[in-house]
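Okay, here's the structure, questions in a sec.
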Amino acid sequence: MSRTAIAINATLKRSGGAPSSTDRMIGLIGEALKKAGVDLTETIRLADHDIKPGVSSDEGEGDAWPAIRAKILAANILVFGTPIWMGQPSSIAKRVCERMDAFLSETDEAGRTPAYGKVVLVGIVGNEDGAHHTSAELFQALNDVGWTVAAAASSYWVGEAMNKKDFKDLPEVPKVIQQTIDMAAANAAHLATALSAANFPGQPK
Amino acid sequence: MSRTAIAINATLKRSGGAPSSTDRMIGLIGEALKKAGVDLTETIRLADHDIKPGVSSDEGEGDAWPAIRAKILAANILVFGTPIWMGQPSSIAKRVCERMDAFLSETDEAGRTPAYGKVVLVGIVGNEDGAHHTSAELFQALNDVGWTVAAAASSYWVGEAMNKKDFKDLPEVPKVIQQTIDMAAANAAHLATALSAANFPGQPK
Amino acid sequence: MSRTAIAINATLKRSGGAPSSTDRMIGLIGEALKKAGVDLTETIRLADHDIKPGVSSDEGEGDAWPAIRAKILAANILVFGTPIWMGQPSSIAKRVCERMDAFLSETDEAGRTPAYGKVVLVGIVGNEDGAHHTSAELFQALNDVGWTVAAAASSYWVGEAMNKKDFKDLPEVPKVIQQTIDMAAANAAHLATALSAANFPGQPK
Amino acid sequence: MSRTAIAINATLKRSGGAPSSTDRMIGLIGEALKKAGVDLTETIRLADHDIKPGVSSDEGEGDAWPAIRAKILAANILVFGTPIWMGQPSSIAKRVCERMDAFLSETDEAGRTPAYGKVVLVGIVGNEDGAHHTSAELFQALNDVGWTVAAAASSYWVGEAMNKKDFKDLPEVPKVIQQTIDMAAANAAHLATALSAANFPGQPK
């Protein structure tokens, strides 16, 4: 059974400028997923798209969300990449979570949201501090609307306090970071396979 | 295949006094698990036990954690019940998370912590406000050390802002709360079954 | 000495539609500030403006932030109003915090950011749950960049868990909420006066 | 006018063993306060004392909190030191916050809690990640019960992601960390002086 993953990158910067540390992290997660038998088909740079503010699945003319939403829901695994700003996920990461709030009113006859049976991985980078809290906020918001979180689902890198080092400039990926990424990807792949074979049954009668 | 659940109640109060709102929530989760085919075998009132501060699995003489730890790890599902204080999980909930930090150095040959293959449900009650954040902190801390979080794993109740109403005194459980609990339990039972049949394979070679 | 306040409303909705619960909260804070001798001069509906993503004070053509930034920094007190979505501040609230990150590189000769000597009040509303965490995130992000937080600086309202009631539809403001607002405003006014008279001296020689 | 500070250290370890990184941070804050004209009179190692769980100011026989509470409230500035565990403040830090929840019912005739007019500084250390979130939780909990937070009130150090380096073992304190500490202390001293001269007036009539 073939399973796929899609990635979103919630950096504040559009494509075309300097490379993004978040992209490097997503790239590593993609390679790890490949080793686990899952294709990461695309990385969507959210800042390139006009995702309107709101909590519905379609905020009308010019809203880029419906197309992105469809791509996300076509995959088995979502790789949610975000930079850290002020110790927190980016405003673009938050916007995407808000748009997924609509899932709560898009349940099927068994009460299951569109995210049921799907697995999320988070990939987080910052110059310093904030990865655990960023995981916490994403796990809670995404789990609320139906995503499942396999064991050890957070891959992250941050530098020493108040430093300016960028993940994209590290000459090599620290071994412990690579191991964490490999494990996260293997766990997500395993769970996505199980849930593809048998989704949650939904609301008990 | 028989799966079991165990509950911990992180209320600040020892047994023997007034009933605990957290216990009421745990009781409802237990009934919902029963409907999903899982036995909740015991609820451990943490405040009755002397769980020493620390981040190892055994903090020495008089430490109640090793016995509680063994019971938790003997079950497939952990129901983690906590009251909210100041918008946050209780200090006793935090203590238990800290003690589980030791899991990170108790991995098997495949790099799996003792929580791999196990599923967590959170049950949260407060007079007012704080349930989402409490979920966020618990999900992040517990997922870090290996617990899996099935879709919509948080069951909670809080009253209106700055009110004093207790969940234990509600004449009946609101329908939407009951549905949330039933769904959370069904999801956890489903995932625990899948992971019992096939645990995460662990660190890729 | 005359002190002024300005408010920002981080609702996801533009002006012109239904009234905003966040506006009602800001209105109450404005009245309370008036009683404390401070004029709330304007409420800026952030969703009406094109605040570009980024962490500088001017993200170039079409960026609405420089003008809003100037207005905010012309006042002694910032009333930061936000709705709660998914237990967290809105993505628009987050965007504004990110833009203030630039303050850290806009220090004067004594190392003081533009927010030194200024006081922040938060006004938070939601259908249910999330006010404490929203305060926590705003306090941390804003304090990091130089805002001072007077005692009891959070005014909020949320309804019972999983309810749909809106603050704007309450027939009257609960007495305890009104008292909290009055106290928060009095505290902020007092501190803004003290800091207007004598700002922080800045980096020790 | 003489102002004083007191420190609490929420490390999980009792005195007498290895030195505590949190103590090193508190020591640096103490020196910085000294430069700002404030005496740090004592550091209370909380783990040495039996602070009972609860949310009242006196939990009965054997409870160490009443004496610690009195010392804290005798000072103008509280230096709240905590290690980070799992990206969050320690369970002992949380316990102390819970005990301060009682302040809300210990208001004077003007509705002011015992923390009104007092200023808090946080000092946070960890091997890696979690400082911003720890600040956020402490600021929110402490501000709720009446503490004032001067500009830039968080002093912290954490190492690179998933590293084991301890702050106490750094051969020297990084310059940017020292500057942050000096500024935080100067800000707190300034505000404590202002609030000593004129406390918040309290609930408007």
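Letters are used for the chains, namely A, B, C and D, taken in the order the chains are written, and counting of residues starts over at 1 for each.
In this section, a contact is a pair of C-beta atoms (placed from the backbone, for glycine too) under 8 Å apart; a residue touches a chain by one contact, two chains touch by 3 or more.
The structure presented is a predicted model; accordingly, all values stated were derived computationally and were not measured.
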item	value
Any chain that touches chain B and chain A	C, D
Chain-contact steps, minimal, separating chain D from chain B	1
Maximum centroid distance from chain B, chain identifier (CA atoms)	C
Centre distance in Å when chain C and chain D are each reduced to the mean of their C-alpha atoms	25
Separation of mean Cα positions, chain C and chain B [Å, integer]	35
Mean-CA-position distance for chain C and chain A (Å)	29
Shared interface positions of chain B, touching two or more other chains	86-88, 132-133, 135-137, 140, 144-145
Interface residues, chain A side, partner chain C - complex	12-13, 47, 53-55, 85-92, 94-95, 97-98, 101, 137, 140-141, 144-145
For the chain A and chain D complex, residues of the former touching the latter	86-88, 128-133, 135-136, 156-162, 174, 176-177, 180
Of chain C, residues touching chain D in the complex	32, 35-36, 111-113, 115-117, 132-133, 135-137, 139-140, 143-144, 146-154, 179, 182-183, 186-187, 190-191, 194-195, 198, 200-204
